[in-house]
């Protein structure tokens, strides 16, 4: 597991490495397992523990060495050091070896190769059930699946895939080779760059949450502030399932190049996210906050509004950021759980900390 | 409120109990309210406080006894003890009584009966607007609603309902009697067992969040790790609205039998959730974490990645789990709110705790 | 940025103010910038920093005065006090001025005017691809876009817009002028009042999360409690993208008038939200909790189930509410992050607080 390809579509080890040009620079030597024919087909890639005899596997760190003894993989990607250190195991098991300076990178390349090899060929063109505004500009190489809707003056570039049920509003602009999975919703005036991956359930450009008290209309009544801005997303951005990015109030909400956004993330109006920043699932970023380049934000973190977070800031999961951060580094704010009774005992003191500090000070002075 | 059925479709108390075979073992006696004819129709079930004269109600604990005096229900499910303790009230109010060892269970059975009685008859077969790959295998008893899409080689078993706009990718396998509410998205290679309930907006099998630094392509650039695994979901699983479960990187993401997952939950790639575990809304579980069987996870909790949580672990709402848990029991990590000024005063000390401990130690030694 | 309208559709300053009747009461005087002709067209509205020469701007507080020197806007909305204090800058820059008692309110009115001016005219009537149950009651002035589905006996009032792919179940009731953006899902028996805005990906009326242990069926097995109630939403409610509001178990889940709900919020079964309460993104409210009127709930806060929160309670972002609150005021419970090492040092003491208190007490007594 997982076997990816049928036997007759699968490469030998030699063919696999040849099919991945980047492997030339990484692989110093390779050999088919002594128990396998040179024509043995490699049908997939799996972890040491679950790979079967038709799969290649890999080892990225010495701590996994014990799994080498148990693997059924027909070949293993490893460093020269690990191969040497485990020479007897490798001989006993008889799997093939691919000696490589960066096994994790080669794993990623092999995985990508299998992913693309099994990808079904998708028919180009516009499905007859798609409803395209006559003023939209659709590249002939774009793939528009069933029940897609594209609004007025929207531009869909070469190689874009709009999977089924995706809706693009008016005046959107989608860069080449970007893929929208089924059921993405873009409101009007959303721009997405090239080579993006936008997963199912994503909503881009819904109204920012802008209200002002309208006491003339009654006690507590909120008046809506129209959200006139758009959303601008750079190149090479991936956006996970059910994430929402709201349109700006006046200026646009802006996502930089190479940003990676996991599932169920909320980015509010007028946020700006710097290039190559990555954020794990369930993060919420309140309005007008600017996050720098190359930051990482751990899952379930929240950032207050109107903050400025500099470049190269790394926020641990579950952390609340409520003030600006201008110094690169790692920031944390999560309290690990404890057995319930212990926690209750200690949490009760949380509400007395200020008083305890006073009492301590008093003792120190006496 | 809520009246469920029209009068002419509604049962008398006798007919209602007869229609629920399980009630035989639970009900020791019952009687129509002295003010009602034996033919009085029961059109729904409601709480004591809001049930009307055409509804049955129930009382599950002595603390609700005071509501008996006010109820308008035509009959009340209760234990013999509570009936005896409230004999005068029952007589004065004149409602019918169903004496029963487990009133909550009987309520659940009655509610289920009304729910099924009002469920519209849905037409079998495939709506002409559904787009089914010719290689898909659809049971003749499945119900495929408008604008559904089913991919290549996907199997849809007997009695499955795919409500409108649901999308199944290729190589999916859906077990019998599972219901997908409108607008569920399954990517390729997702398996769902029998009798599942998958609510609107759920996304199953989107790419796990897997990236590796790719410095050769530029400072901070992320390279995508293809996500080759699938999602495997057991029998009798309910998944709440807008929840996302990502596909595995190599092996599958696995959800056990009888697992109950509320709304807006995020389960990352390669997680494994044990049988009969239940988790309340807004929980996030990071990649590769294993949760045991029969656990409960309170709302808005977050679990870090690569953890192992044993069986029968109960996590309070709002708790962050950052380490393995191998002992059954309840774990907590949420700090209750306080009036703002109090909180500010105490939270400020949080950043000095280590120093305070030192000062205390110094005092102790002096 | 953002230019909104084409030049030939755009008003002069005089025409703009005339087009907004409410401006009469707010504006004490206005003048076209000396460098602009009286016929200069105003094509949009922007912040001081990014507005161009075809846009009007505004200044809401003295702290933004420095931006007046840099703005390119052709006119600025400001108070008489700020105009006087910046007289020389205003003259030097030569922008027009709109002197107004409440600049923020006038900004909101101007923004709303531009928003409506650019809104495309939408064709009334029912798109032929929409599937409407013959027993549904659709106003002739409603707009039903492609791939919409409307269930049995559902009522759609005057001026309602059901954008593409929206699904309404049976027995729903939608008040006049309410707009559903693309891809909203309503289950059966959901009521939405007048003038609502329901954003993409919202799910209304999915089953509440109700289960009871069913030991007869096996260790740990959960039995489902049918969710018989509905969802009732008042007038003038906005619901953000991908928010979910579950149906009640017996009674309805109820959202009051004028409530504003941001994105990715979860409101569980049987909650009641009071009029004009506003909640920011990523809030979760567990089952049966009642929130009063005119409350505000900061982003990523969580409220436990079965609580009663009074009127005029303001909850800071990231706060966990686990007990009733009956006194108006602001409540907080979020710990701000710190540099990782500092946090680790202090968080470790969190698990010793109770013991530290004991040691302090001992010292005090000695």
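Chains here go by letter, A, B and C, matching the order in which they are written, and residues are numbered from 1 within each.
Just so it is clear, a contact is a pair of C-beta atoms (placed from the backbone, for glycine too) under 8 Å apart; a residue touches a chain by one contact, two chains touch by 3 or more.
Note that the coordinates shown come from a computational prediction; the quantities given were computed from them, not determined experimentally.
Chemist: Counting residue numbers used by both copies over all numbers at the interface, does the chain A-chain C contact come out same (over half shared) or different (under half)?
Modeler: Different, since under half the interface numbering is common to both chains.
Chemist: To lay chain B over its twin chain C by CA atoms, how big a turn is needed, in degrees to the nearest 5?
Modeler: Superposing the C-alpha atoms of chain B on chain C needs a rotation of 120 degrees.
Chemist: Between chain A and chain C, what distance separates the C-alpha centroids? Give it in angstrom.
Modeler: It comes to 27 Å between the two C-alpha centres.
Chemist: Of all the residues in chain B, which ones touch at least 2 other chains?
Modeler: If we look for residues of chain B contacting two or more partner chains, we find 129, 147, 165, 183, 201, 242, 264, 282, 334-336, 338, 347, 350, 352-353, 356, 360, 363.
Chemist: What residues on chain A touch chain B, complex-wise?
Modeler: So the residues of chain A in touch with chain B come to 1-2, 4, 44-47, 50, 104-105, 108, 111-112, 114-116, 120, 129, 146-147, 164-165, 181-183, 197, 199-201, 238, 240-242, 258, 260, 262-264, 275-276, 278, 280-282, 293-294, 299-300, 317-318, 334-340, 343-344, 347, 350-354, 356-357, 360, 363-364.
Chemist: Provide the residue numbers of chain B that touch chain A in the complex, in ascending order.
Modeler: 129, 131, 147, 149, 152, 165, 167, 170, 183, 185, 187, 201, 203, 206-207, 209, 211-212, 219-230, 242, 244, 246, 249-252, 264, 266, 268, 282, 284, 286, 302, 304, 315-316, 319-323, 329-336, 338, 342, 345-350, 352-353, 356, 359-360, 363
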